[in-house]
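Each structure below appears as structure tokens.
Two complexes, one shared chain (subunit A), two partners (subunit B, subunit C).
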Partner chain A sequence: MTATDLTTLNTPPSTRRSRALLWMLLGIVLALIFSVVLTVHVAAGGITDAASISKAIAAPAFTNMLGMNVLVGLAAVLFVNQTGWGTLRVILTVGAALLIGFILMLLISHDPLKAYNALLTGPLSRTNRWGSWVEDAMALTLVGLSITLVFRAQLFSLGAEGQIALGAMAAALVALYVPPLPLGIHIPLAVLAGCAAGFLWGMIPGILRAYLNANELVSTLMLNPIAALIYSFILDRIKPKSAGFTVSEPLTAALLPRIIDGTRVTTGIFFVIAAVIITWLIIQRTPLGYEIRTIGANIKFARYGGIDTKRTIVLAMSVSGVMAGLTGVYLALGIHQKLILGLSGGLAFEGIVVALLARNKPLAVPAMALLYSYLRVGGPIMQTDASVSLEIIRVIQSIIILLFTADGLIVFIQARRTKPKPPISEQDAAHIAEGAAAQP
Partner chain B sequence: MNTNKQKRVIIEAKAVTKIYPNGVLANNGVNLVVTQGEIHALVGENGAGKSTLMKILYGLERPTHGQVFLRGEPVQIANPQVAIRLGIGMVHQNFMLVPSFTVAENVVLNTEPTRGITVDTAKAIAQTQALADQYGLQVLPEAQVDSVPVGMRQRVEILKALYRGADIFILDEPTAVLTPGETRDLFAAIRNLVNQGKTVIFITHKLREVTEISDRVTVMRDAQVIGTVNTNESDERMLARMMVGREVFMVVNKPPVKRGKAVLQVRDLTYVAESGKVALDNVSFNVYEGEVLGIAGVEGNGQTELVEVLTGLRAAAHGTATLDGKPVPSNDPRAAREVGIAHIPEDRLNNGAAISSSISDNLIVDRYYKAPYSQHGFLQLEQATQNAQAMIEQFDIVTSNAENPLQSLSGGNMQKVIVAREFTAQPRLLIAAQPTRGVDIGAIEFIHQQLIDKRTEGLAILLVSADLQEVLKLSDRLLVMYNGHIAAIFPDPTAIAEEDLGLYMLGAKQQSADDMEALQ
Partner chain C sequence: MTLLQNVLSGIFSAAFLGAMLRVTTPILLPSLGALISDRAGVINIGLEGIMLSAAFTGATVGAYAATAVDPSIAAWVGFGAAIVVAVLVALLLAFFHLQLNGDLILGGIAINILGSAATIAIGYQLTGGRGGGSLGLAGVQMPIVDLPFLKAIPAIGDGLYTILGSQNIMTWISFLSVAVIWFLLYRMPIGKHLRAVGENPDAAASVGIDVRRVRYLALAISGVLAGLGGIHLSMGYLNGFTRDMTAGRGFIALVAPALGGGTPFGTMIAALLFGAFAGLETRLPSLLPGVDIPSQLPQIIPYAATIIALVIYSYQRTRALTARARRFEQQRKQEPAPTPSGPSD
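And now, the complex of A and B:
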């Protein structure tokens, strides 16, 4: 065997493609089976016998729930497809974090197994808990996409908080003050208003960074309290006189229709799916995405090549603002159905975690949002079911976040080096070495 | 040096094979024998496996098969700490120094002499000075590293290894970053090391350096050792043949120049750097269709600024540059490209490429927004891939896939990617700055031939190079820059005495303005 024979050791690309397709199909089949089991489990309150299945099918909105769970399964398949062997790494990280959490739990709980059981299976124990998980994941997906866009340009943003608030405000104002319109017109109008608000609020730090070289980390952070004050100022003006709290009239127009009884899961899912696809299209398939990726890879090269780097910075920040604005729209029209103070509840910062976990790949964001919100929802359940105080839950969550982000940050810093599987086995290597030794 | 000592093998690699996890076979049954007290040159094209072999000796990589022997004993060099303990030191191409520390602090770093719990600075300085004196490596122990010249930083690296007790020095392309003067100093230092019993392994691309400094030379090609020869029994042609597997024609096949009309006209171009330094001082010249105008000069005499003003990366303070009679856009690289200026930048990793992006992405940075690469608001990825595949074929870029990241390529192939992009931009004027720096001989030859072919087809080429042989070989006219202005214009580079050229480059001579006007 000589060195030239080496090429035959590598699998030809066509075989590789069809093999990947096969894996993909297998994944989809597994995801479908998983989603059926999951739906039956949640709808029937646990699978005990064959009767559970008929009970589940009889449950209201079984089909819609099944549909949502199919999407959950597909998100996981998409993640594996995008991340490849990195999936293993994510699983190991989660496992390690949960293990540390469990050790902590041993120290503080009378019944650590029960508590951990509540954390890990709680979100699937009742339809409303399952609903909280899915609702939260949808919001996290949108914020995660927003952060992904700026990260791809090697920029940073802590401004989603403010963009969410103003996006929610804009959408709610359209819902409250535009005369009643058919839902098919009113909702898009509100969505557009929310996106526009996010776009403009994202543009400000973009312009400051591009033209005045102001650190976007600082400017996005500082714009948050300004947005919060604008939000509470307007809310204070529009709240009903009788209201004791600072809260708007309940929204009646332009609400996202709820599709599963007992939950706040809405048709907003279509906006989320669209947002994932659009973000992916922008990054991978548009000239703007090429510009964003290129300034992220090497801004000097981008300028040398003729890319208007200032414009690209402004647009990356603005489009990121659109996704955050959309999150606000979703929270106002889908979840709360009114404007309240502290609408986002710290969601913005957790979007950063999701983006890091997803390695800034838009198609990997939904799965990581689902994973992360599962833990977000599992915490309070552990509190009620196992009476472990919420502070302890926060500690466990923090450990998990710390491990997640430490792992994610390392990869982010290492500029996402991929480690492909070695196509040559030890045995082949031995053959090559023999061949080399046999050469004159 | 007695013959006995010379023959004793100090370090040996036997049948070393290295296969990287991505399947690249970097070393294939390599044998290397280095004897005590010699200067052993290791040459080969980029990607021939030299660096991998050295990384194995220094413990940065583990061999897949094979064994390393030190003074006859098999050793496992698991990591650089082990290598240092065994007396093997390495000076990397990119220095591993702490820029904000002093020279002495860097030398003693991690093994500092202490006084109580604090570092004994005075002792560190004294030890550094003593080592420097012993081996003739001139440094300023108390100077901060980022304020000292590159040549001195390199000496600090060597001192660092000496301080840690190294007997074997691996120098990875040490002259790539040095001026000719600094190179001379380095060679003197290497001879000093060897005279005091040390052994030096020296990686280089430059055959002249091999013949000048080494005792023996090992040539690598395609992950294998082609042979080891005594330097005094070899010549440049023979080594070149061993490296590329065929005779390298040192003379480019160059048809006579057919000069057309003036494409680029530069008049009184002046650029003032942010520091206030006048980096370009009233520069005037023309570049004509069908000619290569070479710019020679010691680096840092305004060449970089000239190129960057002409390519829209910087704005001139005053003066004009016109392309086909229209002004060259100022401070707008895309506009400059659109009027027909292509640019091979001198710093390919910083400006010319995004190494984490794919080859195909790197090849469309100047055209991604135009049809057929963008249509109806979307990127046409198949077009980008086709474009990349065509260029990989045409420019002989060695890669398995156009979607591989650029960093998977060797230096020479990376440069070919840049050359491919700029050549296919259909420019009116091609500005090539250091087009073959750090590139292997095969790629140098290829790029040179491409430049000549384009020029013969009628392209106007402005060639800036610190490699004198390169500018002399390729240029149809030659211009010398010194201290931001033009020191001389030579209408026929073949007729220049190298000595004369040196005098202009070093500012000892200056042509009069009238003479230069007549030669435009």
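And now, the complex of A and C:
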């Protein structure tokens, strides 16, 4: 829905709509085929012949796996639908970053091909690795949504890390200390507690920013270690005396049920789907979302138009905190099923990449979370298989940020090749295209 | 009461003041880097990553050089290499922002991720170090400036020697940098250009200042300063590189210039304040014997202090702005604007 729009504006709307529908259907069919192939590949440990299919179907939880993979495919279709030709830019950026990463690896590794092979095919080589990928993508989706909300308002909150820790703590406390309840009540209660913790912790920098104009980047960055220390302080108090490590007792109540054997994929997927839809609804279909978008576009105009910008800033940061808190809930009740130190493992910064690549569109977030967590899961495999530090993944991450946000990159390269300036810059084209895409 | 006395006498002891200067050094240097980039209107969020790159380069190159040359020379070899790398990383950010129109804040975040990840990855590859973050290389230290003559001063000599007598050369460089940055900002043409560019880039451009060049320079200088801070961390404060050893100092440094009113000496005072809080962090348990302090409480102090400082600074600035707006309103009321002379209906 971008560059082509400029050329297809003359075709009647009904034709355009039916054509879009046709593309969409084609995409969904492709996604379904892809998900079946993917499931068979993972469940049977590689597709060799027709027998692989029956072997895969015999695998435990084949249907649930297939279901998850269908969602993976649909996420990709949704992403293309949301970003149109922007998809190409994402692919090019990630490809270029991987290429630069490969060149770096040539310098430091003895066997770069083996390393890259491990990185790029590793996550699909076993069911448990596939599971790590999907479960990590679910967490990343939630963080990505959290970042999307603040980025939409042109705010730079980096506080997700602390909100995740406190959200996880609140949910785990409910799971540990609230007397046993039916799962249908206990889980929502824990989720609510985690969301509330995230809301409050997100509210602090929001208030500081809105009413005192305190730089939210610094305040959120400082609140992260404080939250981590509060987290470890509480954990020190509640951990069993016998425990050698700082680890809570395993949670037994309010756990999200696991749906695929040998993995930690849980019914948390329903929370994730709900979170994506709710975030989209908030941004696109509520007054708050309108205010957030207006502030993001032009805060002076928003104030002039009668928007209570202070209230909107506080709410944007708090609601973003809710999503981060939900991430913490998911990590505590779904992944770790206990509280450990360093629970989030730097998830917040990776959420930034996800939100960036998704262009702050909530519906495009899941696909980018899947893409990025694929690399995250491939990293450790690469480290064990080829002795290349998994930190290479974060190097690639930083290159992605630099390449993707360097709007002038293409102009710069063009200017190098041909001295005269191009009549319409890449930036302007993007603006025009965005304007066209914003039309309903 | 005795507890309070304990704390107070502990804080004002010579040993504490000496430690405070040591702790302040790796905050002061990047703070000056933040200051100079901020004054040029291109705040350098990537200080943390630059510090890590320099800390790693200095310690590693120094350690390898020590196998070939005398350790005292090897330290300076590491020093030089670290500065070069710091400037290169800062210039990468500058190129990204100034040449490629990339977002400065996202670029800074990317630099921080890059600095953290690349140092660990290269260290891993060099030493094959699997566990922990330390590289296990022999530590190389920047020299210590020994001033025995301070002891000869009557009455305060011993105390003075404890405070200043055996500080690392990087500590002296850090306080010297305050004066150098002051001189650069207020006594040199380039400083005037730099401030002009920060105040109003369009106006600066209109009088013929090359805005982009000035900003390149500002970011490069902030890279040098952050690099010096990193060198102190791995070759002075500690004996070698460990992963993510900056522990947020590059972020704390972003607040110091604002707190210090945007001047080098104010920034120094702010950095000293942070240094005092950080020094308190390690000493609080020994200052309060018998009191059961959770280990997390002192660790929170520097971060909480940063937030409080940020709040106070922002509150004052907001108040100053509203006061100015009010004065402006009053002035307008006193001298009523000339009535429109056009035909009235």
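In this section, the second predicted complex is superposed on the first by the 369 of 440 C-alpha atoms of A that agree within 3 Å, B and C clash if a C-alpha of one lies under 4 Å from a C-alpha of the other, contacts with A are read in each partner's own complex, and residues count from 1 in each chain.
The criterion applied here is as follows: a residue touches a chain if its C-beta (ideal position, glycine included) is under 8 Å from a C-beta of that chain, and two chains touch if they have at least 3 such contacts.
Note that the coordinates shown come from a computational prediction; the quantities given were computed from them, not determined experimentally.
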{"item": "Partner chain(s) touched by A:Phe233 [first = subunit B, second = subunit C, both, neither]", "value": "second"}
{"item": "First, second, both or neither for A:Asn360, with subunit B first and subunit C second", "value": "neither"}
{"item": "Partner chain(s) touched by A:Lys300 [first = subunit B, second = subunit C, both, neither]", "value": "first"}
{"item": "Which of subunit B and subunit C A:Asp308 touches, first, second, both or neither", "value": "first"}
{"item": "Contacts of A:Ser146 with subunit B and subunit C, given as first, second, both or neither", "value": "neither"}
{"item": "Touch list for subunit A against partner subunit B, complex", "value": "3, 6, 9-10, 13, 281, 284-287, 289-290, 293-294, 297-298, 300-308, 415-416, 419-424, 429-430, 432-433, 436-437, 439"}
{"item": "Parts of subunit A lying in touch with subunit C, wherever the complex brings them together", "value": "108-109, 156, 158, 208, 212-215, 217-219, 221-223, 225-226, 229-230, 232-233, 236, 349, 352, 356, 387-389, 391-395, 397-399, 401-402, 405-409, 411-412, 427"}
{"item": "Parts of subunit C lying in touch with subunit A, wherever the complex brings them together", "value": "45, 96, 99-103, 105-107, 109-111, 113-114, 116-118, 120-122, 124-125, 128, 248, 251-252, 254-255, 258, 294-297, 299-300, 303-304, 306-307, 310-311, 313-315, 317-318"}
{"item": "Footprint of subunit A on subunit B - complex, ascending", "value": "15, 17, 19, 21-23, 25, 28-29, 64-66, 222-224, 311, 313, 333-334, 336-338, 343, 345, 350-357, 361, 364-366, 368-369, 374, 377-379, 381, 400-401"}
